[in-house]
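Each structure below appears as structure tokens.
You will see two complexes here that share chain A, one where it goes with chain B and one where it goes with chain C.
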Partner chain A sequence: MPKIALVGMGYTGFTRSSEHLSFREMVYQAAVKAYNDAGGIDPRRDVDAFISCQEDFWEGVSISDEFAPDQLGGVLKPVYTVTGDGLHCVANAYMMIRSGVADIVVVESHGKPSEIISMSDIVWFSTDPIYVRPLKLPNPHALQALEARVYMRSRGLRREDLGLYVIQSLGNALLSDRAPYAAKLDLDGYLEAEYVVDPLTAYDIARYSDAAIVAVVASEEIARKLTDQPVWIDGVGWATEISTISMRSMEEDVATKLAARMAYDQANVKDPRREFDFAEVDERYSYKAIQAIEALGLARIDTVASDLRDGSFSRSGSLPVNPSGGALGEGVPLEAHGLARLLSAYEQLRGRAGRAQLSDAEKAVVHGWRGLGTSSSIVLVLSR
Partner chain B sequence: MRDVKPQIREIEMEIKAYHYTPGPLGLRWLEGIKKGIIMAAKCRKCGNIFIPPKIYCPKCFSEVEDLVELREKPYLASYTIIYRDFNGERLSTPVIVGLVRFKGVDGGLIHYIEGPVEKLAIGASLEPVFRSERRGSITDIEHFRLV
Partner chain C sequence: MGVSIRGGTPLRDEEFRAVIKEIDSPRARYSMAAGIAYSRFLEGLKRGEILGTYCPSCRLVHIPPKIYCPYCFKHLTRWVRASDEGRVVTAVVSYLSATLETLEKPEIIGIIRLDVPGHRFSSYRFPGILHRICGASEDDVKTQRIFDARVKARWLPEDKRTGSINDIECFEVIWG
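Entry: the complex of A and B
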């Protein structure tokens, strides 16, 4: 079967705020860079279709998908919006190319949380209106804290273990140009932090940032014409657990496990712990990243805690996770967060990760999640 | 630019202007809450008992018509103490939120928990404390008390 590749990526932002540009203008800047990176393609001439991942409430504009074409150069072309993490866009592009309806597809996602004044209300508005929302919990992160406690208890993870993860990720982020919250932190500093929603401190919960990311996905034939460094998409999988939070397992990330199984089947991955050189995972919460590592098959249920303590997931470990930092250091640009993970993997596989470059980077797994209160996960297998 | 922005910020979203339908089982469930009874949906086909109720079984996809009263005391399946709000402001009084589950019942309720902190533990026994004036809402339960 013909292969499918990432041939170009561009981004703008990863700042705490970006007042001078509208979110559409941010997307435009990212698109110009992505098209240049993809061998200088002209979207008006060369691109078959465009896909945008966005959410009306984040934009403050209803039916916001109607605003998607212009800033990508997609006017009068096939354009649609996926309400999911940015990686869901990549999955859709993959399907369009594989099914033969397009040869080159542009995907974008962006987030400008600095413009959202009522963020807490919008997040809370995503909860069940009959059984949860009337409770008006003072902090919706509490819903994830419930899961964190169950998960940590079942795997023997202590507060210090979350600290190890946070210290590692914020330290990795110091090697990145996209990490406004990168920091050199030690365990004492971590343990001094007060709980926000016990067992999570402010260090365990990623903050927001503004960013726009654009990627160009192409068939093998086009990819080989545009670049001599295609990054192959070997497998894509996604899954959603149940919408009712109280019915979820909490002891494991079932959706990620199923998404990984789907992607690994396509990519013929048999032993994820040995086959991948690194992983890029969602870390909107420290514990959630650890849960994802396990669900992706990169650690066993009974050894995930000891692997973490042994440094297996550090930059010098057997399987580096988020080697240039993740959401904790970068901030979460809403639905673009999955594309931020993709961007880091893309740079590593092309040998363009700068100071964060790993010596061995040929095959990677990329993971995305839709964030607070959700159970939708997506997994990609990439190779160079 | 600066002059324009405050005007834009005055726009408020109509996020409260919705009607939400609890559905036929949900309505009966809320009527039960109003009477001080907690019920769960029961699937005739696969026997799954679950809460919150829906007219479809999340396990076998059959249509569900029955509610059964839950007489046993629930237990605390997980909990968190909220010290700060979403914007990082410290709450004047921390609040405990728990995942309340019933033995043999799929799902559960997320709700406020009160009681002596030394009893706060996964598996702790709970009992619902209903408000005296009830209107058929999840908030007719004021909280679950640690017993």
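Entry: the complex of A and C
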């Protein structure tokens, strides 16, 4: 079966605010860079379809689909919007190419959380209107803290362990050009922080940043013409658990596990702990990253805590996780966060990760999650 | 207002309310960056100018302006000043508000094809602006007399302008 590749990526932002540019202008600048990276393609001539991953309440515009084409060069061409993480868009592009509908598909996602004044209200508005929303919890992060509590207890993880993960990730982010929250932190500093919602402190919860990311996905035939460094998408999988938060599995990230299984089947991954050189995972919450590592099959239930303490997931460990930092250092540009993980993996696999470059980067797993209160997960297997 | 629904019994308002369990409305507040192009456009309005960007590739003038041409995907750097006059392309009369209350005074809404000195456009791709139309009657719209009528922007007094599309009160018909 012919393969499918990432042939170009571009981004703007990863800043705490971006008042000098409209979201259109941010996406446009990211698109120009991505098309240049993809061998100088002209979207008007060369691209068959465009997909945008966005969510109306983040945009502040309803039916925001209509605003997707212009800044990508997608006017009068096949365009649609997927209400999901940017990686869901990549999955859609993958399917379009696999099914023969298109040969080159452009994927876009952006987020300008700095423009959302009533952020907590918008986040809370995503909960069930009948039996959760009326509770008016003082802090929506409580929904994830509840899960963190269960997960930590079941895996024997202490606060110091979350601290270890946070220190490692913020330190990795110091090697990145896209990490406004990168920091050199020590355990004492971590433990001194006040709780937001016990057991999570401000260090355990990723902050927001503004960014736009564009990716170009192509069939094998086209990819080989455009670049001598295609990054192959060997598998994609996604899953969502039951919507009732109080009835979900909290010990295990089942949706990620199922998404991984789907992607690994396609990519013929048998032993994820040995086969991957690194992983890019969603770390909107420190504990959530550890839970994802386990659900992706990169650690065992009974040893995930000791693996973490042994430094297995550090840059010099057996399976580096977020080697150039993740959401904690970069901030979360809403639905663009999955593409931020993809971008880091893409750079590593092309040997262009700069100071964050790993010596051995041939095969990677990329994970995305839709954030607070959701169980939607997506997994990609990439290789060079 | 009469609503007829075939093959069913419409719920009366009080019946509908009786079955609702939760009433909530989103508190959604945003502060959106106008960006490079719209900022310059809005600053222009404050001075009483309508500005656009010109695409040398397809020769279209984009109003409101963009820093790229959506049709050609070319970077646009040439700014032009449009006239504040143009012709009505289409117009309608609104009798009800978006929340279905009868408007005290029906409002005429239209699309105006703006003149840009030194530029010519085709009949289907041109700098068009959506705005209120004044100086016309319901009858002018119903009889379609208003189509192709010349209009000119009626600006707010300079000290009342804030850099908003509402710095133009409406486009007023110049009956010739």
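Heads up, the rule we're going with is that the second predicted complex is superposed on the first by the 384 of 384 C-alpha atoms of A that agree within 3 Å, B and C clash if a C-alpha of one lies under 4 Å from a C-alpha of the other, contacts with A are read in each partner's own complex, and residues count from 1 in each chain.
We take it that contacts are C-beta pairs under 8 Å (C-beta built on N, C-alpha and C of every residue); 3 or more make two chains touch, one makes a residue touch a chain.
In this text, all values refer to a predicted model and were calculated from it rather than measured experimentally.
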Tell me which touches more residues of chain A here: chain C or chain B. B
Is A:Met247 touching anything from chain B or chain C once the two structures are fitted on A? First, second, both or neither. first
When the two structures are overlaid on chain A, which partner does A:Asp121 contact: first (chain B), second (chain C), both, or neither? both
Identify the partner contact of A:Gly60: answer first if only chain B is touched, second if only chain C is, both if each is, neither if none is. both
Should A:Pro134 be classified as contacting the first partner (chain B), the second (chain C), both, or neither? both
Tell me the contact category for A:Leu342 with respect to chain B and chain C: first, second, both or neither. neither
Is A:Ala206 touching the first partner chain B, the second partner chain C, both, or neither of them? neither
Quick check for you: in the superposed arrangement, does A:Val197 touch first (chain B), second (chain C), both or neither? first
When the two structures are overlaid on chain A, which partner does A:Leu146 contact: first (chain B), second (chain C), both, or neither? first
Between chain B and chain C, whom does A:Leu21 touch in the aligned arrangement: first, second, both, or neither? second
Once the two structures are superposed, pull the chain A residues common to the chain B and chain C interfaces. 57, 60, 117-118, 121-122, 125, 129-130, 134
For the complex, give me every residue of chain C touching chain A. 21-22, 24, 26-38, 66-68, 70-73, 75
Chain A partner, complex, touching residues on chain B are 9, 13, 15, 18, 20, 22, 26, 30, 50-52, 58, 77-88, 91, 95, 97-99, 101, 106-112, 122, 137-139
Which of the residues in chain A come into contact with chain C in the complex? 18-25, 28, 32, 42-44, 57, 60, 69-71, 73, 75-76, 112, 115-118, 121-122, 125, 129-130, 133-134
Can you check the complex and tell me which residues of chain A touch chain B? 57, 60, 117-123, 125, 128-132, 134-135, 137-143, 145-150, 153, 194-200, 202, 242, 244-247, 250
